[in-house]
Every structure is written in C-alpha cells, then in structure tokens.
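Read the structure below first, then the notes.
The letters A, B and C name the chains in turn, as written, and every chain counts its residues from 1.
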C-alpha cells in the first residue's frame, strides 16, 4: 500500500475526528470507572493540607458561618468537600450557621444531612442546638452587606420559620462575631462576603470552590483575603483521605484520572494527525475536529 | 407628583444620596451614620426581593400577550404560566419543605440544572481536544504548559510523580495568578468608573431612560 | 496584618490612600468626560471579524445571533450593549436577520428593555423600522441554566452564520460557544472572567480578551463617557504597574513601604 499517494489518509482522520467520539469515549470511561472503581492512589496537594490545617484551628463551640453559595448542580461538584468539611465541623463540635446563596439551596440540607446522619447521630449534632439553617439570605450584595452589619435586624427566623432567639446565634451581633466563614461556592456571593465580611471584620474565610473558579480564588488566597482553598472534587477527595473518611470524592477519583488521561490522549492523537497531515499535504491548513 | 419621581434628576439625586450613605461610613466610622447605612442596605435587600413580584407580574402580562396574539411559540407560554402557577401555589400551600414544591424542586429543577452543568465537561473536552494544536512555537509552548497542568490535575500523576506539583503550581501561581490579578485590577477600576458615569448622569440606561429621554 | 502608612484621627485606618485613589478616579473621569476631543482608542481586531462574519451570514442567507450578556447593568453588559448596537446597525444595513436571546439572570429583566430599544433604534436609523421584529429578541428565562438550553435550541434550529456573544456570560458561555461551533457558525466571543477566557479561547474563532470588550464597546459607541472610562482605566493600569515595580524593588531592599501604603 503506497501511503505517500494518500491525500491525508490516517493522519487526516486523526486530525479531524468527529467530536462525538470524544463524548462517547469520555462517557464510557467515566461511567465504567464510577461503576467499577479500581482504587488508584492519589497525591495530596499542599493546598488541601493547608485547608485542613485551617479547619484544625477551630475549637469546640466556635461559631462558623457556613455559606452554601451553590446551586444543586454546583453541589454535585463540591459534594466531597462539603461532606468532608462538615464531618470535621461535627467532630470538633463547632456551631454552624448555614446560609444559602441560591434558591436551590433549600434542596441541599436534606441531601447533605442524610449523608452525614452517622456523624450527627454519633456526635448528637442536632438542628437548633448545634446548627441552624437560616435559609436563602444572599440574593444580592445589599443583602450580604446588611446581614454583615446587623445580623439580627436581617435574620429573625430560620428556614422553617422558627425564631432564632434563645439560640447560640444570640451571640452574633454582626459578621465579625463569627470565628470563621466556610464558603462553598460556584461564584455567587463569595466576592460580596470578602468585601463586606473579610475586609470589614477580618474574619478568616476558607473556600471550597468549583474547578473553573480556582484560578480567580488563588489570587485571593495569595493576597490573604481567603485563608484556605479547597479545589473542586479533587480537593474534596484529598480531604476525605486526610480525615480517613472515604466518600464520593475518593470513589470518583479513578473516573477523574481516566477522564483527564483520555483527554490527553485525544490531544496527542489530534496533534500527531495535524503534524502528519500538514507535512504530507505540504499545506499549513487549519485542522480541527468536526 | 409622579412626573417628579419619574424624572431623571430625581432618580439621580436618590442614587447620589444612597451612594454617599454607603460610601462615607466606609471611611469615616461614626455610629449614627453606620446605623443609617445599615438601614439603607436592609431596605435595598428587601426592595430587591419585591422585584420578584414585579417579575412574575411582567411574565404573566407578557405571556398573556403572546397567547392572545398567537405569536410564535404561544403554546410554550401556556406551559410556562401553568408551571409558574403550580410552583407558586404548591409553595404557598405545602411550604417549601414538603409536598409538591419539594418534589418539583428535587425531581425536576435540580436534575435539569445538573445536566446542563454536567454537559460542560464534554464541551470543554471537545473544545480542548480541538484547540490544543501545536501550529506554531507559541502554541507548542502553550500545549506543553497545558499538558503539565492537565497531568497534575489527574490525581494518579501526583501519587507517582510528586515533582509535577511543583511545576504545575509554578505555572498557575505565576502566569495564571498574574492574569487573575490583572483582571481584578481592570474590572475593579472599570466598575468604579461606571459608577462615576452613573452618578454624573452620563449612563442612564439602568434607570430605564433611552438616549432621547429626558 | 501590616500597619497602614497613613492614618488620620476619626478616619478608618488604612483607607486614606484608597480614598485618595478613588477621588483621583472621579477627577480624571469627570475631566476626560468633559473634554471636547475624544480620547484615542485603537480599533479592536475582533470588530473587523464581526463585519466579515455578518457579511458572510448575509451571503449565505443565514441569520446572525448576538447576545449582550446575562448580568444586570454592570461593566460588561454596557460594553455588550454597545457591541449589540453595532451588530444591529450592520444587520439592518445588510438586511440580515438578527436574533438576540435575552435573559439569564434576575437582573436581565431590566437590561432587556434597553436592548430592545437599542436594536429598534438601530433599525430605525438604518431606514428599516419595519424589519425590526421583537419576536427575534426572545426572553428565554431569568435562570442561567434555563437560559442556556433555550439559547442552544435557537442555535440548533436557526443555524446562524455568525454568533456574537459579548457582555457578562458565565458558565453557560462554554455550552453556547461550543454549540455555535458545532452548527458551523463563526463564533465571536468575549471573556468576562479568567476561567471563561481560557475556555472560550478554545471554543471561539475570535475572542475579545478582558478589556478588549469594553474598549470595543467604547470605540463603536463613540460615547465620550465610555471612552473617558477606558482612558482612566489605562492611566490606572500604569499607576498599578508603577506601584508593582516600586514595590518589587522596595521589597528586595527590605522595605515594606508599599505594603504599608496599600494596607487596609
């Protein structure tokens, strides 16, 4: 077979494959890895270790403002970090004030506390005594600013309409009375919290962010505006490993790894095809998958 | 009277007073001013919540017009209004923690939004596979940097090659972070200058005025 | 926490320098806005791409889809509206159908009215008021993830020759840009935050990076206020570069003067 007489041949096919092959391959690889995980080792990043070290500074009875600035779709990515962090909070016995930054947040507590039932039962961690959910209180920046300045003027009841008077939230006059903010974010009210709470009152803030927002938060981390950063599903998996509590994060790391490697393979295939095709055809055409 | 409140000058005056009430206490901490500023922010937060009522009313009016005039897609507007009514009524009747509202939220809204979010992964992969081509020395350099970061993001790589963390974090902490910082500086200044334009009355579209309006 | 360099009694510590910088922005912006001569702004390359792409759509008999963002009246949306006005003008002059999907957030209700007026005025100015069709500016949803499939549906059904996506788009930008590519449109986008820029650079044929978008909006609108804004931003960028360089030198010589100057 005289390959040199081909117009593009195999190289052209490699350079211009249909993107649906990428979708199919990713889907099959990720699905199989999720159904039959191998349990491959993972590396633990310095960033996750620093996040855990920040949480370890909390003492029993400390007040933490847990802000769930995520839609339900974002929760799917942040789930390992959310669960692992709240396990730490429960074990340490910190008091949590949970607020949502999106109306879909109302669907989150039943889902999250169902997964944490073993911990809440073992440590007798109950709603109203150890944690209070104040609901969707961050629709915009003005609400964040108002709540930060005068907590009880803006929040009188919890998400089920029960008064918060006589609870541990009586100690909170403004946002500066919290010992830490634990933020789980897809980018909703995080900047507002930094502007109106961190910069105004100096409250340390630990952020668990989706992957695409991590580069933006790295600048905040470096500037000291946030004290710790947990990056996406992988960070959550690393935290699960550090606290010796395997969960959805570690289960999905095989899929994570294979997904990344398959993308790398597709890029390599495309580049080999591009190089071979352009050399063979002698033209510097723009190639791309269809 | 209503024409006074609708006028551009009155609205800009309110804007300037509101701005000063939030701006000044940030620099000059004084109890009464802080209190006033806090009250204003609370009022703004509550007023913002009422915009949902206006939005629902506007949607009913708009969809009603579409249905009456049998414009393109009018059947979907009936569907929209029906769903709007069902969610609103079930929320009021059953509350947000039980019954039809909770079921609709958990069984319909959240899976649908999760799907749209999940599709992103496929689109990013296909875009990356298409775009990462070494067509020139610069793009080859970008490709190598991208490889290093992608390899590091795969958790297995860090377990066997711990050194890759250093390389990947160097790339993200220098080049990546400098871009983020540049962006933050530019956007912040742009937002402040936009505020100046609004306060001086040069930008009035947000008040609902067109170019030819008074 | 670093101690601030300047303090005034009765004044919040560490905020004096910030106030002075803010006052300088006000003064510069008002000064430039009042000048008769407009500041010079170079033409952003993506604008040529928009003209070529709309021309291509006209030849192919395909519509143009242009969106101005999902956000409220923020920095990016104002730029997106200026670009929309330009695209509407070009489409009106070339008798090309323009589709403008609107919505995406609860703030987008307000912006939509301004966008409708803008496009209507563009058609009127081109002498073709009868060509304006408000049905081609559908309000898809006030929710981001309901807006996205609506937008994608428009792309799949209408198969536009060109898609221009400017303004404030968030995670849905990737969905939309990739789908536009899949239906064979020339994809011209603008990234409004770091993560978006990286993803859109992969998915788009042309991209306006960061401030190219507001600069393009100012260039097209010839609005003195917008052009003055770009000039002030440029001045402040030079101030920032100077401060960084001085700070770098100071830190290497063991001085924290710049840190203290900027500390809050």
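Here is the rule we use: a contact is a pair of C-beta atoms (placed from the backbone, for glycine too) under 8 Å apart; a residue touches a chain by one contact, two chains touch by 3 or more.
Everything quoted here is computed from the prediction, not taken from an experiment.
Q: Which chain pair shares more contacting C-beta pairs: A-B, or B-C?
A: A-B
Q: If you average all the Cα positions, which chain's own average lands nearest?
A: Chain B is the most central one.
Q: Report, in whole Å, the distance between the mean C-alpha point of chain A and the mean C-alpha point of chain C.
A: 28
Q: Which whole number of Å gives the spacing of the CA centres of chain A and chain B?
A: 18
Q: Taking the mean of the CA coordinates per chain, how far is chain B from chain C in Å?
A: 14
Q: At which residue positions does chain A touch at least two other chains?
A: In chain A, 19, 71, 73, 139, 215-216 touch at least two other chains.
Q: Going through chain B residue by residue, note those that touch at least 2 other chains and give them in order.
A: Counting only residues that touch two or more other chains, chain B contributes 113, 116-117, 126, 128, 130-132, 176, 179-180, 183.
Q: Pull out every residue in chain C that's touching 2 or more other chains.
A: If we look for residues of chain C contacting two or more partner chains, we find 106, 145, 171, 193-194, 199.
Q: Write out the stretch or stretches of chain C touching chain A in their complex.
A: Its residues touching chain A are 1, 106, 145, 170-171, 182, 193-196, 198-199, 264.
Q: Across the complex, what residues on chain B touch chain C?
A: Its residues touching chain C are 26-29, 51-52, 55, 58, 62, 71-73, 112-113, 116-117, 119-120, 123-124, 126-128, 130-132, 176, 179-180, 182-183, 185-187, 189-194, 196-197, 200, 202-203, 205-206, 208, 210-211.
Q: Give every residue of chain A touching chain C within the complex, in rising order.
A: 19, 71, 73, 139, 186-187, 199, 202, 212-213, 215-216
Q: Which residues of chain C touch chain B in their complex?
A: Its residues touching chain B are 10-12, 15-16, 19, 22, 25-26, 29-30, 33, 72-75, 78, 81, 106, 109-110, 113-114, 117, 121, 135, 138-139, 142-143, 145-146, 148-149, 171-172, 174-175, 177-179, 181, 193-194, 199, 201-203, 210-211, 214, 223-226, 228-229, 232-233, 236-237, 240.
Q: For chain B, which residues count as touching chain A in their complex?
A: 22, 34, 37-38, 41-42, 44-45, 48-49, 96-97, 102, 105-106, 109-110, 113-114, 116-118, 121-122, 125-126, 128-135, 143, 147, 150-151, 153-160, 162, 165, 169, 172-173, 176-177, 179-181, 183-184
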